[in-house]
Structures are given as C-alpha cells and as structure tokens.
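Some structures are shown below for you to check.
One chain, subunit A, links the two complexes that follow: it is found with subunit B in the first and with subunit C in the second.
== the complex of A and B ==
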C-alpha cells in the first residue's frame, strides 16, 4: 500500500477546501492517507480532514507556521518524511502550498510535478499543459517521496464520515531558519458568494475599458442573486480590480453552472481557470475572440449595451 | 544593493512538444519571458535608487542569449548563461540547482524572478533556489522597499495582501502589474552589445548530476469543446436570459 500524505493548508476559516479534494485523490490508491496540518486551527481542522478520509492527522497549532509561511513548514515536513518515509506528498496548486512544496524539494531532492489533474500512483500522474490543450502522462523518478501539486477543482471532494487519529507535532523551528515574517494582513471586504462556490460567475476583461465598468457586472450579479464577479488577468494587471478577482492559470479555478465572460478574449492562461464551467456565455465585440469559439452561447456585440439590457431583462422576468 | 534577476527564454506563441515529448526550444522564435520583465524592472528601479548592479542569470539553449540581450538592453550590467546539451528537458529541481549555483558566483542582496514561467507554470523554482541558497523568500510580491530589517514587502494573497518584514539576502518573485517594464532605448540596445555575458560550464558550477526525474510518457490532445451558437443584436439579451433560466439560476 502506497503511503500517501496530504499537505492540508489551514486557513482562518478551517482547512482549505482543496485539502478535501487532495484526500479524495489520495484515497484512489491509499485507503488510509495521512494529512499534515500546520498553524493555528490545525488540531481543530483534524475533524473535517478525518471526515474526508484522513486516517491520521499530524497537527501543530504553533503560530510560527502562520507568521512565517513556507520555510518552517517545509523544514518540519522534511523531518517527518525522514522519520516516516511516505511514498508521495500531495499539495494544492495554490500560492501558499506550492511555496512549501518548492522549499521541500530543495531540502529532500525529490521530483516535483506541478499542475497535475489526476494521479494514478505515487510515480504516475497526469497534467494538462498549454492552457489545457494537451494532456500529458508523467512518470516520476528519484528519491521518495514524490511531490505532486494538484490543481484545485480537478476532482470533487468525497466525504467518508471517518474520524482521524490526531498526532500532535512538537515543532522546533530555530529563529534563524524562519525566514520572512508577516507583520500586517489586509483583507478585502468580501460580499456575496466566493468565486469558487458561486453558481454563476460573471467575469470582466480588458474590454471593460476601466474599473468603473465593473459596476455593470455587480448590478447584474445582484439581479441574478448568488452570482460572483471575477476578472481576467489583464483586468487585474491593469489595477482595475484586486487579485482576489483573478480567474485563470494564475488565480482561481471556477466550475459554475453558468460562466459569463464580458470583454475577455480568451487567452490560454484564462481558459485553464474556467473551462470546467457547465455553460459558457461570452460577450465580445471582436468576432474572432477565441472564447467565442468555445462558448455555448457567443454574443458578438457591445457589452456596454448587452449587460445593462440583460440586467433589465432579468428584472422584468422576475417581476412578471 | 546588488540584485540578480532570473530570466527565461520562452517560445513566442503557443509552445509545441517535439517527438521526445519535450518543449521545442531550439530553432523557434523565443523571447524573454514577459513574466520575468517585472522582476527585472523592479531590480533596475532598486539599483537606480539605492546603488548597486543588476546581473541577469539564465539557463537554456544558446538562443537564450536573446533573452539576456533584451535584459542587458533594459539596463542590467552583465549576464550569465548556463547552456549545456545535458540540460535539455531539465526539470524544476535541476533548473533550481543550476540557477542557485550560477547565482552564488556573484555577490547579491536580492534575487528576483517572475512568479511562474509562461510556458511551464510550475512556479516553484524560485523558492527551491532560495532553499538551496539557504535564504529567505517571498513570492507574489507587488511592492518592495529596503528597510532596517532588510526589506518591507507586500505579497498578494487570495484575500488581499500581507506585509512582510524580510531579512536580506532573499529571493522574491514579482507579480505582473507590480511595476511597468521599460522598453529598451536605442542607447540601451547599443550598450548591451558591449556588456559581458559569462558562460560558466556545469563543471565550473560543480554540478554533475543533471538528469531530470520527470519524464513525459504520453501526450494526447485534450478533447475540444464544440462551440455553440453565435448570436448578435437584440436577440442576444433574450437568449442569455433563456440560458440562465434553463440553468435554473434565475
């Protein structure tokens, strides 16, 4: 039986949802995967991790892991790996987890594979490359454990209703090995559903022309109800909306019932983050925009007319 | 402040895989990865304000010299290119080992890189370099200023941003949008031709094992989604509303 470990990111709201997906991936070849949870809330997270299939949870609530992201977690993992010799460690392809994985690779010299979408066993996994146009099967050599980063939402998390055995970790992280320290945190006030959970995602791109035009998407989202507003990388890079809006290779992966893109041409980098949507609507004035070609409904037109008219139409239908 | 900027040559346009399942890099048009220009621009601004030099380091085929030329034309003082046939198909670990060994040949307070390459998107190489060098790191940086403790750094997060106090030396990755990369001036392009490019061999770097631990065993096309319908004009609004109703979201 292959020993699969899952690095479970702990957030202020509990385990990162991707941790449950990683446990589901792990259970395809290991009935009793182990989860590692580090930072404040780790012990409390063990119940949810157990309910999604973790047989054992190594947990430490030490604030050092939250104050110094990356390095202390990698060093503690390296020590645990030496003692327990797992075959593979799975990570979510998020900024925080991949920093831990990259550091860990520097410590232990194992193979690391990014952007995986499924895993057959500790030495074989699959990834989509070039914006999801090619599927590659990859074989991993080198010392155990292999390190595999899986893209969020590449599998649906399946609860098992199990209970995990909790093993408290006594982590000693020397002062000079802690690295950069967080001294302030700034969180944008979020309203409405999270992008990753919303049934309808409305995304704006360069075609919106500026930050003010996002108000049209906000109004439409309000009228639909339960819709979230996102953006392409171009709109985020231009500074029109914060990074938390970004959908794509860099940014969030969404799989809503309906994805409506306004003024987004459809760079490969964007398509990776939304191609799993059940229905895709694209509005673009350029008939050659690649996103129109893959949309279930492509609208060649002026979004400054279509969006307000659509909000009005939905209001009218709800009223009748 | 001496800064080392990492640079990668990436194919312009959509990359392709050769019969050996590796990205075709030789004989195709390539350019400095646009993602690397942000780190380079930050490096140039820091040295302009606080003194010091920018050295740009790359690993790749001979053609990677093009990426270095652009970086030199933008204002870097010198380049270093590690090029060896055995590095073709290098994975993240080999790349990190090569870059770390090349970086160590120069004095540095800061190493800058893009957040991830625009062909591979793994995004782990810079932190692995930091681990090998034994220094601190911060990824996804949108702002950096020298401070008493080393550097005050803003890092983008899924919810907003965090402020870090980071000891130097350190490795940072710089997000698109953090700075506006400059265009090389004509003078810069002319001067670049005179600037030195070091070409250390793997032996110079003390590296012998450069065998990749990742092998692509099969490649296939992903199923393409059949396009739907294209509509225009007044019909569009009603059709979108119908689709939303069909999906039971209104």
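== the complex of A and C ==
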C-alpha cells in the first residue's frame, strides 16, 4: 500500500475544500492517507479531515505558517518526509499550495507535476492541456515522494465519517527558513459568489440597452442561487456596470458549469474570457451573432421577454 | 568671463550626454544632412503652423544673420571706429542687419500675441514666465542693436544709412550733440551685455535648443518612423549584459538625452496627442520635461558614474507615473509634429521594456494577451489550427505546406484577420479579390505566428524577438520573397523590423496590392456604380509611420466611393486608440479615443468609415455600436470586393 500524503491548506473557516478532494483521491490507492495541516486552526481542522478519510493528521497551530508564505511549510514538510518517507504528496492547485510545492521540490529534488486532473498511483497521473482538448498521461520518475498538484474540483469529495489520529507537530522553523513576511492583507469587498468561482454566470451585453436591465439578471441570479452576474466589455465601457463585472480578454476569465449570455454578440475579446464554460446559453435577437453559433442552447429572441419568463419558470418550479 | 561661465555650465550638460549610452545614429550622412537643411535651415516642421512658423523663422533666420553683428559690436565697444573687416563696410550687410533685426522684433511681437492673446492649450504645463524672459531678452538685444545703429547714423558714422531704413528712421530720435555720443556707447554696451548675459543663461534654460536642436535633428531616426531599434537579448551567453530598456537616467541613450535638452516646451506634441486630447495623464511634452528635470537634477550623480551616497532614482515612477507610460498609443503624432525631432515614442517603449522585462510591472489586463502570444502565438490564445477556419466558406485557398514551392505572393493573414469575426470579413474580401485578379497566392495557415508587434509595443522585447526569429525561419525556409499583409501592424513589423532578424522580403499592404491590381486592370470595373460617401481613416502604422496614404484612397475611388476627408487626415490623422498594445488594455480615464475618432468621422456626413487595419476596424466599429450609429465601418478591401465582385462580400 502506497504511502499517500495530502497537504491540507488551513483557512480561518477550516480546511480548504480542495483538501477533501485530495483525500478522496488519495484513498483510491491508500486506505489510510495522511494529512498535513499547518497554521492556526490546524488541530481543529483535523476532525473534518478525518471525516473525509485521513487516518493520521500531522498538525501544528504555529502562527509562523500563516505569517510567512510557503517557506516554513516547505521546510517542515521536507523534514517530515525525510523521517517518514511517503510515496507521494498531493497538493491542491491553489496559489498557496503551489508556492509550498515548488519550494518543497527545491528542497528534496523530487519530480513535481502540476495541473493534474486525476492520479492513478504515486507514479502515474493525468493532465488535460489546450483547454481540455488533449489528454496527457504522465509517468513520474526520480526519488520518492513524487509531488502532484491536483486541479480543484477535478473530482467530488466523499466523506467517510472516520476519525483521524492527531499527531501534534513541534514546529521549529529557524529564522532564516522563514523568508518573506505577510504584513498586510487586503480583501476586496464583494457580494455574492466571485465571478471566477460561480457555477452559474449570467452575463449581459450591449443588448441590455442600459444599466437598469441588469436588474433582470440580478433577479434571475437570486432565483438560481449562487449565480454571479458579469458583463461584456461593451456594457462596462458604456458605464452600466463596474469593471469588476467584465469578462473577456482584458477582464476576467470564467469557467462556470453554465454560462448565460444575454444581449452579447460574442466578439473575440469576449469569447476568450468564457470559452471554457461547460454549457453556454445565448439569448440574442440577431440570429447571426457569433455567440449563438457556439452556444449549446441559442435563443433568438427578445431578452426582455425571455429573461423574465425564465425567472418566472424557475420560481414556479421551486415553488412546486 | 561670460564665455567661461557659459562653457562651465554647458560642459555640465555635455558630460551628462557623454555619460549616456552611445547611439548608433550616424549612418546615411546624406539623408541626415538633407534633413538638417529642411528641418533646421528651412524650418519645415515649424511652418506646419502658419503664425508660429513665421514667428520662429523670423527670429531664427535673424539670429543667423545677426551672429557677425556680435563681433562687430565687440569691436565697436572697444573703439567706436572699429568694425568688421569687409562685412562692416558693405551696404548689403547693413541692409540685412536692419531688415532681420526688424523681423526679429516682428517675430517677438507675434510670439507675445500667440502667448498672451491667443493662449493655445498646447502651452499648458510649459514654463510661461521663462519664455517671457527669453523673448524680452531677444527683444532687448535687437532693439538695442537698432537704436545703436540709429545713434551711429545720427552721429554720422558711415554705417550705410540708406541701406538701413529702420535705423535711419529711428535716427531722428537723436540729435548730433554730446547726448548722442553717450547714447551710442550705452546702446552698444547694453547690446553686448544682453547678448553675453543670454549666453550664460542658455545652458540651464529650455532655450538651449538653439545649440542642441541641430545635432538632435541630425541624429533623428532615418527611414520609417514605425521602426524600433532592437535590444538583442541573448539568454544563452552568460556574459551578455543586455540593458533591459531604460530604468535610470544613465540607461538613456545620447539621442534620448539630447531629446530632453532640445525641448522648448512648445507643446505641438501635446496638441496632437490622442491620450492628452482625451483626458489621459500622458502629455508627450510633460513626459520630456519631467524626464529632463530628473536628469538635470541628477547630473552630478550621472557624471560621477551613477555611484555615490545617493543612488540614481528610477525614472518611473519618480519622473513620470506608470500610467503615463501606459497611456501611449505609439501613434507617432508627437514625433511628427516636433520641430526638433524628439522621439517620444522610442523613449516610452524603452521605459516599458524595463517595466515589463525587469520589473514585471504593467497593466494586469494585458497579461492575457502576453500569455496568449507566449503559449499560443496569438494574442487571443486561440489554437493554431483555427487559423484557417475563415477559408471554409471560400473556394480552395492554398495553405503553404513545408517543402511546397513558394507562391508568387504570400498572404500574411495576421491573428486578427484569422480569428476575429469582424476582421475575417476583410480577410475573405482580400482572398476573393486576389483570386479574381488571378494572383497566385498562399497562406501559412497554422504555421503563421503573431509577428510579435503587440508584445514589442508593450515592452516585451524578448517575446517579440522569439516570434520574429521563428517567423523568419518559417518564411525563409519557405523561400518567400513577396508578402502582402492585411494588418498595418504586421505590415510595419514585417517590412521594417524583420530585416534586423534576417527576414528581407518585399512587403506590401493589401491596399497597395489592390490599388496596383486596379491600375493594371486586373480588378474592376465597378458594376455596382456609386456607393455613397466614404471617409477613410488612416491607420497610424500604415500612414504616418510608413507614408502609405494614397493607395487606400485610390482603392476607394475604384470602389466608386465619393471620398470625404476628416479634418485630421493623412499625416495628421488621429489614432483609433488601439496601437502600442492599447488594444489589450482598459481605457478608463477621460473619454475614449475610438469614440473621439468615430465622432470626427461621423461629423463628415459620410455613410461609411473605411479602415485599412483590423485594429482600427474593431475600435471604430465598437465606437459606432456604442453610439448606436447607422454609419457603417468596413475595410477598404471589403468595399472594393462589394463593388467589383459579382456576389456581395463577406
């Protein structure tokens, strides 16, 4: 049985959700995977990690891991790996974990693979490239453990209801292994889900005709629940919604499950920002709009009739 | 004493110049000398504005003619009867002296009329009081000269009273007594003191241009203005010490420093700048002034080799803010207007090069473009296989395969032309027209890459270099000799910049090729008849940067269009707002450049705005849609295809 470790990021609200996905994945080739949780709240997070299949959780609540990005975690991991010799360490493909994995590789010199979408065993993983059009099977060579970064949401997390054995870590991070210190955090205020994270994105374009029509999208987003509202560059340039709404080449890139475009013709600059959507719904009164051609469901019609009708129908079905 | 003081101050400036990077700008001395004659002696660029042109030429030519007068005054100051050998005795010189001294007075009067009455906006941010001081000194110099001559005439000193009409007329002010003797001494000495005082003042003032302008014009860029000098980054050789653009004052080239010392703050650049005119932070004039001030402040440090207790400060953001550097559309209007050939755009690109390559500091929204160019070799990150998608609706377009014999003409489609839905119309029109005219052409298809222009204008020289080398390898490998490019930016890069990387081809723009085909009778006649009025928008990288103004207009005429011109056309055309990689950045300050240009086009009353570059097309079309205008935006090629080919274009 391969020794699989999971680097579980700890946030103020508990373990990062991707940690549960990593554990679910690790259980496919190790019945008793180990999780490493570092930073304030790590011990408290162990219960949740156990409930998702971690047999052992190495935990340290030392604030040094929160105050210094990457380096202390890589340092402690390297020491632990030397002592315990696991076969593979899994990371989530997030900014913080990427930082730790890269530094760890610098310490131990193992093979590191990024962007994996599934892992067969400690030496074999799979990635999708060119926007998911090509699948690459990768074999990892070199000394153990291999380091693999798994893309979040590649699989669904499955709870096991287990309990983890907690091993407190006596973290000793010397001054010269700490590196940069975080002096300030700035969070941009936002209501609703972030555009980049939302499962459903509703975007409006020039066809909405003015800022007031965005209320229709807000209402629909409310009914769907957890949907975010975005916009094309034309709507942002016209000043109808702020720049933070903009999806496209010079705005945000979104990859939702469902992307609904209302009154957006689909200039290349816009398509670049949403072509990764799993399902595309386009509403446009111009049947020649390029976005209709690439949509899974294209509605040629007046969005001022279609959108309220859609909202009404969702409301009706939820009510019944 | 004055000369010593002048020399000491001038040497300080000279040493700053010497400490700068050498600029290789001495090739083609003939062309440089000709420019000297036309721009300096002929004052050609100054006459782009009538009144200021007359004003400056009067003073400048007066200054040249009156140079010997300084020596004459020096001699006469020592002894009233001494004068210049030969010149001091001839009537024609007395005539010229009198005439030009008067012209300078007229010139100063015009200057004050412009500055105090007309008050053009181009002076906003300039040092107005310094200019007043300079003008008053000049006025003082020539008035004392005229009065000196007048007093001499009154005293009966032989100075050709008949040739010097103005001085002669003024001589009635003087009697022939003792008072005039004193007046003559006072005027010759005050004339001299003003001249010498002015000399010592020069090196620290913006008026230094009377010394720096001539060499600056000589060192200006030869050939197309769209060309950028390469950096040649070699990652392989470890000892390569490439300067990644300009960070601190000592990174500037000698030409760039001379630019700073040549600026007189006349603001002609500011007046034509699309950024400034739409309320952005950038003014080319203020950029040059701010850089100059920092260089002047750091002069002791610069001449000491940049070492010392205090270090040289980065020019961005100390002299100019980051935003200023990113506001530029590289349209080159400023460079074209500048009477002393300051090259604002090249300096801006050098500042960007450092920000992008050394600091990774640039507007975030442009990252998608750079990443797309880097990974997929086009700004939109589209797959290379999609480059031929536009050919689907057309009859067989030949895609040049490795090993194929080279075509007569290679059609360089460009990324916009291949991927952008609107630009594809143009691409299809060109392909149909070439087919109809029997031109044997092929495209590179998936083997074509971005020319690197957006990366280069953004400051990412290394990425540009990589693409240039790869494209040249493909083109040379295919034996390509002639290229027709549809995008003005591709055209400029292929024609002017690829020779630096070993790619030498005959490059024409599609409007040039189409115009030639029309002239040869291979396209047309025009079955569709009149097509209403069309106004043509000059693409900066086709027009101002490369001098291609007539071909697109000829094609429009062949398409049966009644052409109307916008107020700003040809060399003075106003940018669409997409150049200099601005296509990939957000425009949040002030009004939008494309809206401004479209409004100008709409005001001509034309039904159609014709473009010759996909960037202009997309920008102006966006502006038309945003405004809900009925005016159509279309490429010149599409209009020609519609009127000369049987079925409608598209």
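Quick notes on this one:
Basically, the second predicted complex is superposed on the first by the 204 of 320 C-alpha atoms of A that agree within 3 Å, B and C clash if a C-alpha of one lies under 4 Å from a C-alpha of the other, contacts with A are read in each partner's own complex, and residues count from 1 in each chain.
Going forward, contacts are C-beta pairs under 8 Å (C-beta built on N, C-alpha and C of every residue); 3 or more make two chains touch, one makes a residue touch a chain.
Everything quoted here is computed from the prediction, not taken from an experiment.
By the document's definition of touching, of the two partners only subunit B reaches A:140; subunit C does not.
Of the two partner chains, neither subunit B nor subunit C is touched by A:50.
Judged by the touch definition given at the top, the superposed model places A:205 against neither subunit B nor subunit C. Touching more residues of subunit A than its counterpart among subunit B and subunit C is B. In the superposed model, A:253 lies in contact with subunit C only, and not with subunit B.
In the overlay built on the shared chain, the residue A:299 is in contact with subunit B alone; subunit C does not reach it. In the superposition on chain A, A:243 contacts both subunit B and subunit C.
Of the two partner chains, neither subunit B nor subunit C is touched by A:39. With both structures placed on the common chain, the touch criterion links A:113 to subunit B but leaves subunit C unconnected.
When the shared chain is aligned, subunit B comes close enough to touch A:310, but subunit C does not. Overlaid on A, the two complexes show subunit B and subunit C touching the same residues of subunit A, namely 130-131, 133, 237-238, 243, 249-250, 268-269. The residues of subunit B lying in touch with subunit A in their complex are 14-15, 17, 21, 91-93, 96, 115-116, 118, 120-132, 136-140, 153, 156-167, 170, 175-177, 213-222, 224-225, 227-233, 236-241, 243-245, 247-250. Residues of subunit A touching subunit B in their complex: 70-71, 74, 94-95, 98-99, 101-103, 105-107, 109-115, 128-142, 149, 179-188, 190, 199-200, 224-227, 233, 236-239, 242-244, 249-250, 252, 257-258, 260, 268-269, 275, 278-281, 283, 287, 292-301, 306, 309-310, 313-314, 317-318. On subunit C, the positions that touch subunit A within their shared complex are 365-366, 368-369, 372, 379-383, 419-422, 584-586, 588, 592, 618, 622, 625-626.
If you check the complex, the residues on subunit A that touch subunit C are 130-131, 133, 206, 234, 237-238, 243, 249-251, 253, 266-269, 272, 290.
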